[in-house]
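Got some structures for you, see below.
Look for chain A in each of the two complexes below; its partner is chain B in the first and chain C in the second.
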Partner chain A sequence: MMLAAPRGAAFALTLMIYGLFIALQAHNPLTVFNEMWQGAFGSRFAWSSTLSRATPILLTSMATLIPAQLGLILIGNEGVWLLGGLTTVMTSLLLKDFPQPFAWILMFLSAFVVGGSWLMIAGAGKQWRDVDPTISSLLLSYIALACFLFLVEGPFRDPSSLNKPSTYSVPEHLRVGQIPGLGVHWGLVVGIVFAVIIFFLVYRTTFGFQSRVIGGNIRTASLLGLPQNFFILAGCFLGGGLAGVAGGLEVAAIHGNANASLYSGVGFSGILAAYVARHNPLAVILVALLLGGIESSGDLIQRRFGFSNASVDVFQGLLFLMILVAESWERFIPVKSRKMANDILNKEVAS
Partner chain B sequence: MDSLLVFLAILLSGIFRTSTPLLLVSLGELITEKSGRINLGLEGVLVMGALAGFAASYWTGNAFWGVVFAAFIGFAMGGLHGWLCSYPRVSSIAVGIALMILGTGLAFYLGKPFIQPQAPQLFALDLGFFISHMPFREALKINVLFLLGIILVPFLSWFFAKTRWGLIVTMCGENGEAAHALGYNVATIRTLATATGGMLAGIGGSFLSLYYPGLWTESLSSGQGLLAVALVIFSHWNAWRAMGASFLFGILGSLGAGLQSMGMSQGFHLFNAAPAFAGLIILWLTSHRFQKMRGRPAELKVLT
Partner chain C sequence: MLVLELLFLSSMLSCGGEPQKDTESLKVGFIYVGPRDDYGYNQAHAEGASVARGLSGVQIIEQEKVAETIDVQKAMEGMIEQDGVKVIFATSFGYFDPHVVLMAKKYPDVIFFHCGGLYQEGVHPKNIVSYFGYIDEGQYLNGMAAGYATKTNKLGFIAAKPIPQVLRNINAFTLGAKSVNPNITTTVIFTGDWSLPVAEANATNSLVDQGIDVITMHVDSPKVIVQEAEKRGIFVAGYHANQSVLAPKGYLTGAEWNWGAIYSSFIEQVRAGNFPGNFVRGGMKDGFVKMSPFGPALSVQAKTNIEQVKAQIMQGNFVIFKGPLYDNKKILRIPGGVGLIQTDPILEKMDYLIEGVIGSTGL
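== the complex of A and B ==
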């Protein structure tokens, strides 16, 4: 409980600064905050919008979260997400005569493989040439964006899409449907299931423990003889793969085809989510919900107060900055309760 | 023949135009990294600088004040990064990413009213006045900010190698504890170095909105701020090499426009990514697994 206090304080401080920002534009911050709450969690419709925005954030956050267990800071989420979306469309077009379940598996498997392989380039660069993985992953993201736009507007373009170059659409029977009664597509379930699986993989298996040894102390890992190359590549593959599946789900459930509107900053929200959750696969579910809520509230305040949609980025950027600074506020927590919290945490992890 | 000349002129303008923001941002990042910190948020600073420069030039009617205001905003944002990173356990990489998101978000948010209007532009020296071939004459127009970048290169080399303050900054980057033992406030020096780096990035941004392309749009920057960080790494923290690499990337960045002028519009997006692609390849080729990179400040721990 005590350990959450700095984060709560960071959130409160973000609201205060953002409130000031709103007040400077001659709006009442409290009215705007109330509208934001209504737009995020206030109604059934708001919930379904929030949940369908939280889903891609949750899945793309894995491309930062999983490599982080191995000590790699990767921020190439956006590029992997785009490539995953494009791959899913193209595979679905190839497989339109195949039986539905089989085609679905191959569609998302191909997105997983493409996304995972793309991020693996950054991991391989780190292992074999000691290329800084943070920078190489972001460069890879720019390259992926360029390839995506080139393919969508060039070879893969549906000639009938005039104003907005797009690919052909995913065949109707291969679209991903909605969960009955929730107004959210099945990707939400996929995201939560994978988050739980990753949690068990990281904290309850030998594989996860070994990964964290590599992430924690590379010398210990060498002394133990752990195959670091394998672990690093596997982690990048898994993380990138899940972000690729996120793009695939978005296209197969919402957009229908791939075009430039898929490039919307979801990957950056994913990075933010992973950091705020401190790379904990269960906590990231809640953080994704919060960020999904913020994005969905952006729509409402855009209509109601005429704020541009970039106000969401401002809010997210502020929140991110504050949460990071909150890391250093932990020293203000009395040592005794800090120790107690750590003991509980350790016991949980050890058992 | 004529189209080839136009193509060459566009590549030449790559050196004088496209490379200028890269040069300024990478020199800024060089100062920051020399002090032992890394600021990944210069992309956000660049975009904010572009907006600030455009806005101030529009308000005052004088592009000079635009550059000054952009420098000020860049200094403030760099200072924010440096200040936050002075606290224990705050990761400079993550703060950089946050600054990137915040900076671009804030610029797009505040910049909506500036998409339409025109602002007074920066002055350029017409070096090619004796050439009658228009594209070449245009390419040889040299902006004052380009000259600022070129002057900074020998200055920074001299500053870090020969001056007392330069050596203090270098010492903070090589061994913070030694600097602390000598009585210097390492956190303050690093914060100042990051703020100065931000200032140069802000000026680089104002070049985009006040000279080339010379307007404010949301797609103004195509990752130059980030590319500059990569550029500093493979130029081995050397200002002269950073200049060479900026020129190379400027030429690569204008390759797409050049080929378009010759009637090859296919693959336009791919050519836009040419600098990023080249950056990745060069990083891959110049790194070594078991060898500390030459010239790398020892305190730059994040680059593991």
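== the complex of A and C ==
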């Protein structure tokens, strides 16, 4: 309750400020809020729209969330996502005559390995050359984009893709389908399953505990003799790998081939989701749902009220700013109640 | 009266299934990949939509900055499910495959207009209209204006990607310039993507530093290039929409889309229960493309000559791509005596830069 209060206040404050903006545009804030709710969660279609947008964020957030347990701030999600997508297409082309489950496993495993290895460069730079991992991961993301575009529009281009240079398409039988009746592809289930697995890995295993010790206090970790290099590289590999799989799923389920449209900012949404969830893998599920919902509601209020696309970005920006401000208030809550609140929260999460 | 070039008239689409009630307004959705006010590609479409808004009994619903991902599928689906839209204009090229194709299969009663073309009979659903215009005619006239205006004989072209649509524009521009000034060269810079304002500004400055004194472009939003060119005191020929307000001194003319007339015609046809056909193309004479009014820089003689060629284009008896035409690697691309008319599908597969263009397709 104690921790929920500041977040509730953040949400209320966001609605008030945003409502003021809406009123200034000569619209009734309550009508607009109602439409936003309808657009995000108000119907079967709204849910399908929200969940489709939440799906890729679940896995791309892992490229920030997992290294964050080790104290690394990595923001290379978008690049890893692109490389994962491209790898999946290329592997599927090589394996088009292989049995479906075998081909699927290798398609996504290869995306995992390529994505993971790419992000590991940032971790290795940090450990052996003291390169700032935040900057290097961002720069690696741009290098990945350049490589991606070069390969897609050069050597790997399907010559018949004239005005939109693309790779050859994933063979039909290796595409990833939709969850029946939901209008969302199976990546949603994969994303949730991995969020839960990573939660258990981080909070319920020795590996996770040791990782958090390294992230929390590097001296303690040294005293305990933890192999930091191994942990850092493993964390980057795991996080980057999952974001790579996200790109692979996107291509196999939605685009069918890899082209510049894959560069659409989903990786950057993943960074945001990881931060707002305070790097908690279960909270990421809720934050992804919130992000997807905001995007879907943006669609509807654009069409209903003629708002510009930026208006929903304002809402999202305000909300996350308020949440971050709210967290700074937590310092003013007495330690004892904070501990109690944390215990309650952990119990709720665990149950 | 507007004459549409219908290469493949749909004979099989059953429009009788859902008769339009006159009492109810027809809801039409427009989807743009960028902002509506980009002084370029998206603004041209949005201006077209706003002309169509003037039609009685038509309600226009718009959504901007929709990515070529699951986002556009959900935007189309939302328009249909939540707003009751019966006609959708998906205006970005990248929306087509798989997004428009998928939605057209799912909603056979809705007509999907897609800008850019790719429609294949028998492969794609019959409720898709793929439309596009021969804007290279405008770039040819831009080239003539550039050929008259240049003092250094060096022209510049800033483009997104070396794809057929873009290469055709670069070649038409260069042919237009060479028709009035055989000594010119066109230096091309490919920025790599459709909307990269910083790269476009850098490209403009780099071209000016090389002594280039007329620039044109094929990117989504020419805004930055036009402003930068004006700042550096050189001439500029516009593209997509009218950018003359951004460069009152240096704006020569521009190749603009004329979607207002086309969209109104499409929507009227749908309301009358007709189907415009699966594959619709047209040029300046069909009302798809128009020119910006001339800026102050051109001489009276230059303007008269450009108007003369424009009149020939409007009559439909002007051929831009005629042999002998060599590419800039000295390979003969169109043999002597051959003239390719605008509707020739081979022009939609152009993969070379002609003699006089400095640059490489990278292929």
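Everything below uses one rule, namely that the second predicted complex is superposed on the first by the 314 of 351 C-alpha atoms of A that agree within 3 Å, B and C clash if a C-alpha of one lies under 4 Å from a C-alpha of the other, contacts with A are read in each partner's own complex, and residues count from 1 in each chain.
Rule of thumb we're sticking to: contacts are C-beta pairs under 8 Å (C-beta built on N, C-alpha and C of every residue); 3 or more make two chains touch, one makes a residue touch a chain.
Remember, predicted model here, so these are calculated numbers, not experimental data.
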Handout entry: chain C versus chain B on the shared chain A, clash or fit after superposition
Key = clash
Practice task
Pick one for A:Gly154: touches chain B only (first), chain C only (second), both, or neither.
Solution key: both
Exercise for the section: Please work out whether A:Leu282 is in contact with chain B alone, chain C alone, both, or neither, and reply first, second, both or neither. Expected result: neither
Practice task
Look at A:Phe320 in the shared chain and tell me whether it touches chain B only, chain C only, both, or neither; answer first, second, both or neither.
Solution key: first
Practice task
Using the touch definition from the top, say if A:Leu162 reaches chain B (first), chain C (second), both or neither.
Solution key: second
Exercise for the section: Could you look at A:Ile179 and tell me whether it touches chain B, chain C, both or neither (first, second, both, neither)? Expected result: neither
Exercise for the section: Check whether A:Gly125 is in contact with chain B, with chain C, with both or with neither, and answer first, second, both or neither. Expected result: first
Practice task
Check whether A:Ser308 is in contact with chain B, with chain C, with both or with neither, and answer first, second, both or neither.
Solution key: both
Practice task
Answer with first, second, both or neither: which of chain B and chain C does A:Leu93 touch in the superposed model?
Solution key: neither
Handout entry: Dominant contact partner of chain A by residue count, chain C or chain B
Key = B
Completion exercise
chain B and chain C footprints on chain A meet at residues 149, 153-154, 308
Exercise for the section: State the interface residues of chain A toward chain C in the complex, per the touch definition above. Expected result: 39, 43, 45, 48-49, 52-53, 149, 153-154, 162-165, 250, 254-256, 259-262, 264-266, 295-296, 299-300, 302-304, 306, 308-309
Fill in the blank from the handout: Per the touch rule above, chain A residues touching chain B in the complex are 71, 73, 75, 125, 127-132, 134-136, 138-140, 142-143, 145-147, 149-150, 153-154, 268, 271-272, 275, 307-308, 310-314, 316-318, 320-321, 324-325, 327-328, 330-331
Practice task
Sort out for me which residues of chain B touch chain A in the complex.
Solution key: 40, 84, 87-91, 93-95, 97-99, 101-106, 108-109, 112, 222-223, 226-227, 229-230, 233, 266-270, 272-273, 276-277, 279-280, 283-285, 287-289, 302-304
Fill in the blank from the handout: Note: in the complex, chain C contacts chain A through residues 29, 35-36, 61-65, 67-71, 73-75, 77-79, 81-83, 93-94, 96-98, 116, 118, 161, 163-165, 192-193, 348-349, 362
